[in-house]
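Read through the structure below, which is laid out as structure tokens, and then see the notes.
Think of it as A, B, C, D and E in the order they're written, each chain with its own count starting at 1.
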Amino acid sequence: MTDALFVLFAVVSVGGAVGVVTGRSPVASLLFMVATLASLAGIYVLLEAHFLAAIQVLVYAGAIMVLFLFVIMLLNLGHDYRADLRFGSWSLLSVVVVGLTASVLVQGITGSEADAFGGHLADPAAAAAIDLAVAEKGAVGAIADPLFTDYVVAFEVIGLLLLVAIVAAVVLAKPRGRSEDA
Amino acid sequence: MTSPALAYAADAAVAADGWVPVLPGAMVLLPLLGFVLNGLLALRSARDSSAALRAGRDWSPLVGDRRPATHTLPTWIGPGVMALAFGLALLNFLGMPAEMHDPVVRSYWGWVVTGELRIDAALQLDQLSMLMTLVVTGVGFLIHVFSVGYMRDDPGYPRYFAYLNLFVFFMLVLVLGSSFATMFVGWEGVGLCSYLLIGYWFSDREKSDAGKKAFIVNRIGDVGFLLAMFLIFGAFGTLDFAPIFAGTEGQLAAGGALVTAITLLLLLGAAGKSAQLPLHIWLPDAMAGPTPVSALIHAATMVTAGVYMVVRSSVLYSLAPTSQAVVAGVGVLTALVAATIALQQYDIKKVLAYSTISQLGFMFLAAGVGAYTAAIFHLVTHAFFKALLFLGAGAVIHSMHHAAHRSHTDFDEQDMRNMGGLRRHMPITCAVMWVATLAIAGIWPLAGFFSKDEIIWYAAAWAGAESNPFAGPYAAFWALALLTALLTAFYMARLMVMTFHGESRTGEDARRHLHEAPGVMTVPLVALAALSVFGGWINVPEVLRSSFAGLFGALPMTEWLHHWLHPVTHAATSIQIAGFGEAAKHAPLGGGEATWALLSTLAAAAVVAVAVRVVGSRKFQPASLDSGPEGGLRLALYNKWYFDELYDAVVVRPVVALSRWCWRAVDNRVIDGLVNMTGSVARLAGWTTSLFQTGQVNMYAFVLTLGILCFLGAAVLL
Amino acid sequence: MLLDYSSSLHYLLALLPEAVLAAFAMWVLLAGVSRRRSGGLGKETGWLALAGLLVAGVANGWLYSGVAEGGTAAMIAVDRLRLFANWVFILGAGFAIVVALPYVARQKLQAGEYYSLVLFATVGMMVMAASRDLMLIFLGLELMSIAVYALAGYNRRDRRSAEAGLKYFLLGAFASAFLLFGIALLYGAAGSTNLHAISEALSAGAAVESLLGPGLALLTIGLAFKVSAVPFHMWTPDVYEGAPTPATAFMAAAVKAGAFVVLLRIFATGLGTLHAEWSGILWWVSALTMVFGNLVALVQSSVKRMLAYSSIAHGGYLLVAIVAANETAAAGLLFYLLVYTVMTIAAFAVVVTVANQGEGGNRMEDYQGLGTRRPVLSICMTVVLLALAGFPGTAGFIAKYHLLLGAAEASLWTLAVILALTTVVSYWYYLRVAWYMWMRDPPAEGRPTDYVITPFGTRVALVVSVALLVLAGIFPGAALEMAENSIRGIMYLAAPQAGAAGP
Amino acid sequence: MTELLAAIRYEDWVLHALIWLPLAGAAHVVASSAERARLVAFGWSLLVLGLSLGLWWAYDPGDGGFAMVSSATWIERWGVGYSLGLDGISIFMVLLTTLTSAVAILGSFEYVKTRRRAFYSLMLLLQTGVVGFFLATDVFLFYVFFELTLVPMYFIVGIWGGERRIYAAVKFFLYTAVGSLLMLVAILYVYFAGDTGSFAYDAFLHAELSLREQLWLFAAFALAFGIKVPIFPFHTWLPDAHVEAPTPGSVILASVLLKMGTYGFVRFALPFFPDAAQHPTVVSTMLALGVVGIIYAAWVAAVQPDAKKLVAYTSVAHMGFVVIGIFALTLNGLQGGMVVMISHGVSTGALFLLLGMMYERRHTRRIEDFGGIGRVAPLFATAFVVTALASIGLPGTSGFVGEFLALLGTFERHPVHAILAALGVVFAAYYMLPMVQRILFNKLDKPENRAFAELSRREIAVLGPLLALMIWIGVHPTPLLERMEPSLQVVLERVEGGEAAAAVPAAPSIGAERGNPAD
Amino acid sequence: MLAPAIYLSAALFAIGTLGVIVRRNAIIIFLCIELQLNAVNLAFVALSRHVGIEGQIYVFFVMTVAAAEAAVGLAIIISIFRHYETVNVDKFNVLKW
């Protein structure tokens, strides 16, 4: 059952990803993207990361993608069907290069027989510890606890990051005319 | 700090005999002093002349008839220092014991002192150098006096005397230097003065070209001298004459490659300086200088330096029979070739120049056959009569020049075709020049007869030596020398006849202005004439004492020069005897010395007589109407056997062409091209690479991905 | 005092410079917003930002002088490496702000936001330098990057600025993704993102070998992008050219410094034991970067773009130190960063000045005859160029020499020779500016150079920079000592291997 | 004199003063007005010259080691010291530098008309660099000074030069830099591989290097110095730099900067890498390059239409003599090389000054634009001829002593090379005399040349000392030779590993032999 | 399920990379970058099952960063759109060579 679901989600997510790359308009790409994000959320569930699955849908598919959509609409690109996919030799070359890169990467990750990927890594204890934490503190609590203790600095940096993003977005997206009187 | 060099210099060498030379340094320094004083005067005078020139005026030192101090003082300084030097030289000459075996070396300071090399600024006084000093200062003095008259009106008068004094200084360094290195200083120094004096009238392109040519050809010879010095230093560890000649026999294998190389290289140097084949080409051109200069430098002294050097190194040459033969061969060939060229020259100085080359060839022949005394003997007598000839020619030219100048006509004042009949206008000059002509022709009992006869005889005598490996060539040299002697008589007689006899070919107007030279010029001529007559009597051969050639026993001494030079030459002579065996008493064709002397003087007299008749009967056109010989041997002789053209085609042009090629092709294109190409290639590479910066995000991402591929590939696969 | 991270106060203390600076950044932001209503050029916000840097510097000094940490495992490092780097960042940011003051005013940019973004970016760098955790490094990097993306595209009226911003952003995010993927793989390989933990896992043999290589490669790529190493440099010239010049100065100096410090920390401490594996590829990157940067700089006609390529080249020199990976090279890297920050910003300061606080006068021709018109400015520029070229008598030489020394110690002779030869190439384009300034007569007709006015702040900054460059060129002792102390004891450097000198 | 120097503790401070006083002078020049700049600069250079003259008496050759040594730590952690020392090799280079600097500054009074303050401060800065280079006994310090000389020269050529000044300046700079940076790498190699522990000269002498290493390192050093000299295929920067440089720049370039290359060989390349230096391949290569340089440069010089370019090529030829002298690895050769260096510095410096004077008067350097100058400017002509003769090595002038010794020293070991090089003597006449002739002699047929002014008093003062030196060194070079000899002996012994000491007997007592020639 | 998840992650990442290279539309390029980030997230989540809970925290961070980037990136796109009236990156090549 789990495996079948995984295959399903995987197929959907890859299909969505291909759709993003090949989508004829930004909106199409965006919708494919949403499909991918959603199926990834499904996979997160399969991987027992329920909280992440939730915010994946909420934040990513919900907020960020909508932001994209807003911008597409704002710039009136919704019906921009001009071909912007590079066809021909460029694409071919790109596919070859990226394919090579991916295969090298996969080959590297897989490793040699003796050091078969995953075999060495599979540490049931870790999964058990996570499950235990989730059981004790709930899906949110299991993440929140280390987040606000061990990773509190990172959390603060995230805060600054968002602040900077806001400032930057405001400064950059402001229409030109009005800033000049500053 | 006490320098070891100075400590050494303080240790003045005294001859074993206890003779102390009188102020030897002053002999050398007096001319230098003259140079400095005259030089200062020259600069002062030149300041005025150049200022006038800049202002666009012509300049003459004369204000009315008065001459400024810059043009009167040199008259006294120039000949004055020479007189003093001559006096000192005479004093030392007379004081020097004839039997003194070891030279007196007086060292002043360590010139180049480094490691094992030690060259002192030192003078070496021995019989040979003193004799040379005497000739240089004596003949030099006379020529200085002559110059007072000859150069009187030249604007560069003080400069002339400065150069002349400087020349004498270097010449004295050359002959008195105690080592090859100091000799070389004089050697190149006289070359410099020769350069300056040939190009004395430097505004004339041809004249300054001639000076340059002389210098460069001389330098070719100097390279030989330099290399010879290096070899000598390598063999002996010193360049000083005394230890070298004293230690030669022990250290050099007779006939060995080393000594042969040394002597041949020295010969190259000597050939350059003494205008021997194949480096003789500069001397005729050197006639561009003032005529007294030709007399002093290019006849009497400098050009004989090569002979002096060979004689000085006689020990080395004796050890190298091959080199000796080469020296003799070069000498006799030069003598012959130059004599033939002289037959067909019209420029009076050119004839004398080729004559000089020819006579130098005789000296080389002498030195080559081992007759070192004879070489020096001929050097001395030649200094007398050739100086006389040149000065006489100078007087003629002087007269012709004035005639041309006063009559405002333009003709070549040195071309004999423009002369003729000058005897009437210049009787004294004509008379003394006849004396010199007969002397050089070898007419008994004048100087040239004795010296030339001795050379020819020795060639014959050594050709007959038992174990001479080059007996055949020696015999040939002898025959050629005889032939050349006859040619000498012919071309000299031709010169005299064309110049002084027959009809005048000088223009009507000019003829009226021809006149005898002033007293200051004729007095030296007469003095030299006397020397040309009696100079040969210093070395009448003993075997001829009672014969006609010994003036029938009227002389108080025979072979004086031979004895005088004995300390210098005996080592060489004994080596030669050890190698060749005793010289023969008979010539290759039979007959003794007296026989051949009589034959040769009779033959020379006959040739002179024939020449006077033949040339006297020929009609000559003035140079402007004469087109020269039309072809055949005469044309070849007229064109000096085409030596200049040959060198031009084989050496000068190729070197210049090669130089240009090196510059334009190699330096500019290849070497600098490579340098600049490095820069261009870098820039081109930069430009090409910059084309990848298309400004397109996709492109940039693609390159980035490529980089990632490489990275991952390296990380995973390696 | 000894820090004990069981107390969160101590966390704060350990991060005091960052905290101070972040606070000031927000203050500057607020001040900027409130000032804008009352008009004015916004210089006060700049001075406030400078004050913030000063205070952060003091805080950094306090940490430097008297604070020690327990162990070397904590996520926040309180070591000399970080604190030295902080000074470099503060110095760079300070100079960049001084240079920006007249520019921002003249271009009528939003001052408060500008300076606060500079400060935020600086905070990001400091976090990067302070962190021993890859994830935190990533966050610091993003903090810095996002601020700098904004700075690059800050001048909305200039299309080139927008283009620079977009290119930087797209490619930067692209590279970040790789960096992140690398972190993920390393996380999987070693079971942690803590450098100390990774290092221990490595030495214990507990790491998953197969994930290690790709992870490390991808991580390196992300950082190589930031230091614009070839072939990840493509964005650099465009972005440097298009961004407002003071922002370029900041990017070229401080951003690069931040990334290098991280590279040093990662490779010299956490993954030092993998020296042999990664030095080969870095060798090539370093060589290519030096060659490429210098060659392309030869053909630039814009001084600003030339400096961009030159900064790529300098990245190549610095990478030599990473390849060498010994204490000498590491100290050299820090020293070089210090010197490089000063000279790069000084060079851009002159560029800003000659272009009259704009973007119009950046061509070589605009420097023609500057020597006669503005001698002092030209002398400063000449000294700075000589320093960039690494000429004796300037700190640039000592720095380059230090790198060479490190390379020599690691027996990286080929790399040293490449460094030497590419330096010769660099002479050409640096001297080219000098010859335009001094050896060509000023153009007959009026050119922008006629109106060049050096603002007071720039003047001070230039004179101080030149003085520093010359002083450190002649008496480098103190600075060298600091750089070496910053390295000592924190390194897990692999022993120099003669054979590991690359291909 | 010696007492006076001792009384003022001359030895303690003079080296530092020689290096840093010009720098102070440069500062003073910058602070003075444009009109007074030249006088200020000349005053400082004269002061330095005066101070440096004391070295002649204060320096005691002794065993040839460094005298007046002073050393201070500079960059402690790298073992870099500020160490100075003087020996029989450097003393003459320093004296040459101080002299030619003063002369060049005096000679530039009329030539340089723009930006005088900058010019004179650069000249003094250059002097600091050069003197520092010659006095440094720390390899790092030497390198710093070596490079430091490039910048002032770059600007001197580039700002006050002729038409193609920028090309020439950049070529000069880059060419030299290529060599010197590679040498820097080599220096570092010695530092690490030789495990010297410091950059002190003596420490480098003790570096233990294999032959293979030495060959590579020698190549790097030889490239740096060979470009500077310049040795044959690396010479093309020189004519360009000379032609474009202003007169004083040319003077310094020819007199001093080129010597840095040959001095570098003697001081650094040979002693540091003795095995490489006497490796047959190295020796024959260097000798061959030297010989080719002598002949080739003479040929190229002979056909130059530009007088300055001609003289520039003659520099290549002269330095060829230095190279063969050095690589003969004999005492005579080294001595000869040194004397040629000094002589070339004096005579070629004077030639460039003379050409500069010609240029000031006629604004052309083309030989064919002159002719007959000897008639309107006899003093000028006299100085020119004497200088030209010294340049082609006429005995009695400085040129001869050097070339003679160099050739002699070469001949001892490598006769074929020496024979070929000796041909250079002929070719020297081939290039120099035609120039002399075409400038000074021949017809005064160009009206412009009639106004050719005679030497002024200042110009006489410029040329006088140089001419006097040419003659003095030619007539009495022994004081120079004996000061150099011990130091060169040290170099030689170092190269030959002590063999030289045995091979050179004590100065033979020729006096005795001469008195009694053995039968 | 670790290995399949990692492979999937790699595949998604590669597709994202490809998208960045072959698309001209700045927004789609940006979307592809987001895709890459998601691929990384998947890897983190999968690995966290075998290493520890930190992996999930990282995903949380990455999402935040992605959001921040989205804000800034889109702002930049808007800003450049105002100059060019297009988001085709080929048109943005004033800066080159």
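By our rule, a contact is a pair of C-beta atoms (placed from the backbone, for glycine too) under 8 Å apart; a residue touches a chain by one contact, two chains touch by 3 or more.
Here the structure is a predicted model, which is why all the values come from computation and not from measurement.
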item: Where chain A and chain E overlap in contact partners, by chain label; value: B, C
item: Taking each chain's C-alpha mean as its centre, the one farthest from chain E; value: B
item: Chain located farthest away, centre of chain C as origin (C-alpha); value: B
item: Between B-C and B-D, the pair with more C-beta contacts; value: B-D
item: Centre-most chain [mean C-alpha coordinates]; value: D
item: Whole-Å gap between the CA centroids of chain C and chain E; value: 26
item: Mean-CA-position distance for chain D and chain A (Å); value: 71
item: Inter-centroid spacing, chain E versus chain B (mean Cα positions, whole Å); value: 96
item: For chain C paired with chain D, centre-to-centre distance based on mean C-alpha positions, whole Å; value: 44
item: Residue list for chain E, restricted to those that touch at least two other chains; value: 6, 13, 16-17, 20-24, 26, 29-30, 50-52, 54, 61, 65, 68-69, 72, 76-77, 79, 82, 89, 92-96
item: Residue numbers of chain C (touch at least two other chains); value: 135, 139, 142, 146, 149-150, 153, 156, 165-167, 170, 174, 178, 185, 188, 213-214, 237-238, 428
item: Two or more partner chains touched - positions in chain D; value: 174
item: Pairs of chains, among all present, that meet the touch criterion; value: A-B, A-C, A-E, B-C, B-D, B-E, C-D, C-E
item: Residue ranges of chain A in contact with chain B within the complex; value: 86, 90, 93-94, 97-98, 100-101, 104-105, 107-108
item: Touching residues on chain E, where the partner in the complex is chain A; value: 1-8, 10-19, 21-25, 27-28, 30-32, 34-35, 38, 41-42, 45-46, 48-54, 56-57, 59-61, 63-72, 74-79, 81-82, 87-88
item: Chain B-touching residues of chain E, taken from the complex the two chains share; value: 17, 20-24, 26, 29, 89-90, 92-97
item: Residue ranges of chain B touching chain A (in the complex, touch as defined); value: 698, 702, 705-706, 708-709, 712-713, 715-717
item: Interface residues, chain A side, partner chain C - complex; value: 105, 108-112, 115, 117, 120-121, 150-154, 157-158, 160-161, 163-165, 167-168, 170-172, 174, 176, 179-180, 182
